[in-house]
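In the two complexes that follow, chain A is the common piece, with chain B as its partner first and chain C second.
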Partner chain A sequence: MTIRCTTSPQCLEAFLVKYRKVLQCLTFADQYSKMSLAKPVMRGLLGKRLRFHLPIAFALSLMAAAAFKFGVTEPRKRAYADFYKNYDATKEFNNMREAGIFESVRPTGK
Partner chain B sequence: MAHPSQLGFQDAASPVMEELLHFHDHALMIVLLISTLVLYIIVAMVSTKLTNKYILDSQEIEIVWTILPAVILILIALPSLRILYLMDEVNDPHLTIKAVGHQWYWSYEYTDYEELAFDSYMVPTQDLLPGQFRLLETDHRMVVPVESPTRILVSAEDVLHSWAVPSLGIKMDAVPGRLNQTAFITSRPGLFYGQCSEICGANHSFMPIVVEAVPLKHFEEWSTLLLQDA
Partner chain C sequence: MVRERRDLYSLPDAPLASRCYSHSKVETDEEFDARWVTYFSKPDIDAWELKKGMNTLIGYDLVPEPKIVDSALRACRRLNDLASAIRILEAVKDKSGPHKDIYPYLIQELKPTLTELGISTPEELGMDKL
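This part shows the complex of A and B:
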């Protein structure tokens, strides 16, 4: 391999053309010229994050509300309904009267 | 009455208080819904490596977070207004009692048929009987017939007071020179305690209220006895 001129661009170009295959083997340039990096996602990142998290947030808050409704609200309504369903005011009054808590009526002693 | 380490309301002893309890549960459920949503969003916003997160333009989300809060407010307002008007109803009460605030006791006047009036002072701690409650008992209780609509006219002789009984869902300011009207029905017999709820001087905390609900027959016997003693 003789290189007559090494300083001018034309000489360099001639060198590269002649020894292209050798250079490609040495430098893997051929594979790199066919493969390229995927362009990173640079837009819509916040929107993507919101589209992921907001439905989860709404679902969790609805679940918390449902848990409160069926764990606290409905049992309380049922408790009051059950208490008054079979409530005997006269019997309860007599019990309290015999316990002596009233000022307007004294216990009968029964 | 209240018990130690209590967080919620006292047990309801009137239909209005039951409605107030259920409305409070409804409002608290909505508060929990919004708080969970906001907490999740806060955690999601602070735990991100994204830096350009504050300039956001979206017509869809603007519409959602305008309409949704309006709907939530309507869901709160409708039951609230219903209870407000329910509390304002005074349907042909069987009895009218005047509760007058003084420094520092309440006086009750039953003037529908006869002139029956008495004062109600707090029982001092050293005079309490076993089983009685400190700072809540009075020497003379306001006796009412159970399950009977009762009208209360609240006023004051000197400074502002407030006649409050939590288990009946009642609180009415006692204003000198003014008659404020409220009404209640007790759902069951028993004793219902309350305290003055407007600062009125040194012994503001020591002028409690006790409502004693008994069957009508015993109420009539009690009022007859009191009139005879007077």
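This part shows the complex of A and C:
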């Protein structure tokens, strides 16, 4: 269904000129396409960031330290303790002596 | 030698502005802004005071309000210091950090002043690109 415009070009032009600003507003054309920006938050931005990130940073650091302690140092300490629990120094010395690594004592010559 | 006698009490300086809710009176945002507008509005402000004021202001955890920046730009005009004026714009852009909506808002609010004083933005001069 076609609509025929019965306004004369001159009338149409006059109308457009007169109501240019209104039309621009309605169609968001030209300078009205950029709506005036709202005021953003401008204060306390770093404080907000720190309040969010610092607890996380501390928590992660503590978790890393705990993980290292219980994943590395404790097993290592246990391994040493276990090794030396029933360690016979004399027996080990004699084994080393027989292996011939000492200079101060020679192997019990046979 | 000249700087010894500098009246540092005229600086609207840190202690009141830091928000530690202790025994001292807490300054409101409006009072803070008014103080800084007054500081830069001094008719016979000198270059040192302008630089000192800006450096102090940039040290705070805030992006200066448009009216403070406006006052500072007018001080630059009185001192015939276009370089500092453009630098102030770069500084407030940097202060906004990752918040990309602050600088366009500031420029929007400052547009009349920038036009009046004939200050180009760093973007217009192509200085925002490395």
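By definition in this document, the second predicted complex is superposed on the first by the 68 of 110 C-alpha atoms of A that agree within 3 Å, B and C clash if a C-alpha of one lies under 4 Å from a C-alpha of the other, contacts with A are read in each partner's own complex, and residues count from 1 in each chain.
Throughout what follows, contacts are C-beta pairs under 8 Å (C-beta built on N, C-alpha and C of every residue); 3 or more make two chains touch, one makes a residue touch a chain.
As the structure is a prediction and not an experimental result, all values here were calculated from the model.
K.L.:
Taking the superposition as given, does A:L46 touch the first partner, chain B, the second, chain C, both, or neither?
P.N.:
After superposition on chain A, A:L46 lies in contact with both partners, chain B and chain C.
K.L.:
Which partner does A:R76 contact after superposing on A: first (chain B), second (chain C), both, neither?
P.N.:
After superposition on chain A, A:R76 lies in contact with chain B alone.
K.L.:
Tell me the contact category for A:L37 with respect to chain B and chain C: first, second, both or neither.
P.N.:
After superposition on chain A, A:L37 lies in contact with chain C alone.
K.L.:
Thinking of the overlay built on chain A, is A:I56 touched by chain B (first), by chain C (second), by both, or by neither?
P.N.:
first
K.L.:
Applying the document's definition of touch, where does A:E103 land relative to chain B and chain C: first, second, both, or neither?
P.N.:
Only chain B; A:E103 stays clear of chain C.
K.L.:
Just to be sure I read the superposition right, which of the two partners does A:F68 touch: chain B = first, chain C = second, or both, or neither?
P.N.:
first
K.L.:
Quick one: chain B or chain C, who's touching more of chain A?
P.N.:
The partner that reaches more residues of chain A in the superposed model: B.
K.L.:
Just to be sure I follow: which residues of chain A are touched by chain B in one complex and then by chain C in the other one?
P.N.:
45-47
K.L.:
For chain A, which residues are in contact with chain C within the complex?
P.N.:
Going through chain A, the ones touching chain C are 36-47.
K.L.:
Touching chain A in the complex: which residues of chain C?
P.N.:
29, 61-65, 96-97, 99, 101-102, 104-105, 108
K.L.:
Over in the complex, which chain A residues touch chain B? Could you list them?
P.N.:
Per the stated touch rule, the residues are 45-47, 49, 53-54, 56-58, 60-62, 64-65, 68-69, 72-73, 76-77, 80, 84, 87, 89-90, 92-93, 96, 101-105.
K.L.:
Flag every residue of chain B that touches chain A in the complex, lowest number first.
P.N.:
Interface residues on the chain B side: 12, 18, 21-22, 25-26, 28-30, 32-34, 36-37, 40-41, 44, 48, 50, 52-53, 56, 58, 131, 140-141, 143, 146-147, 187-191, 212, 214-215, 218-219, 221-222.
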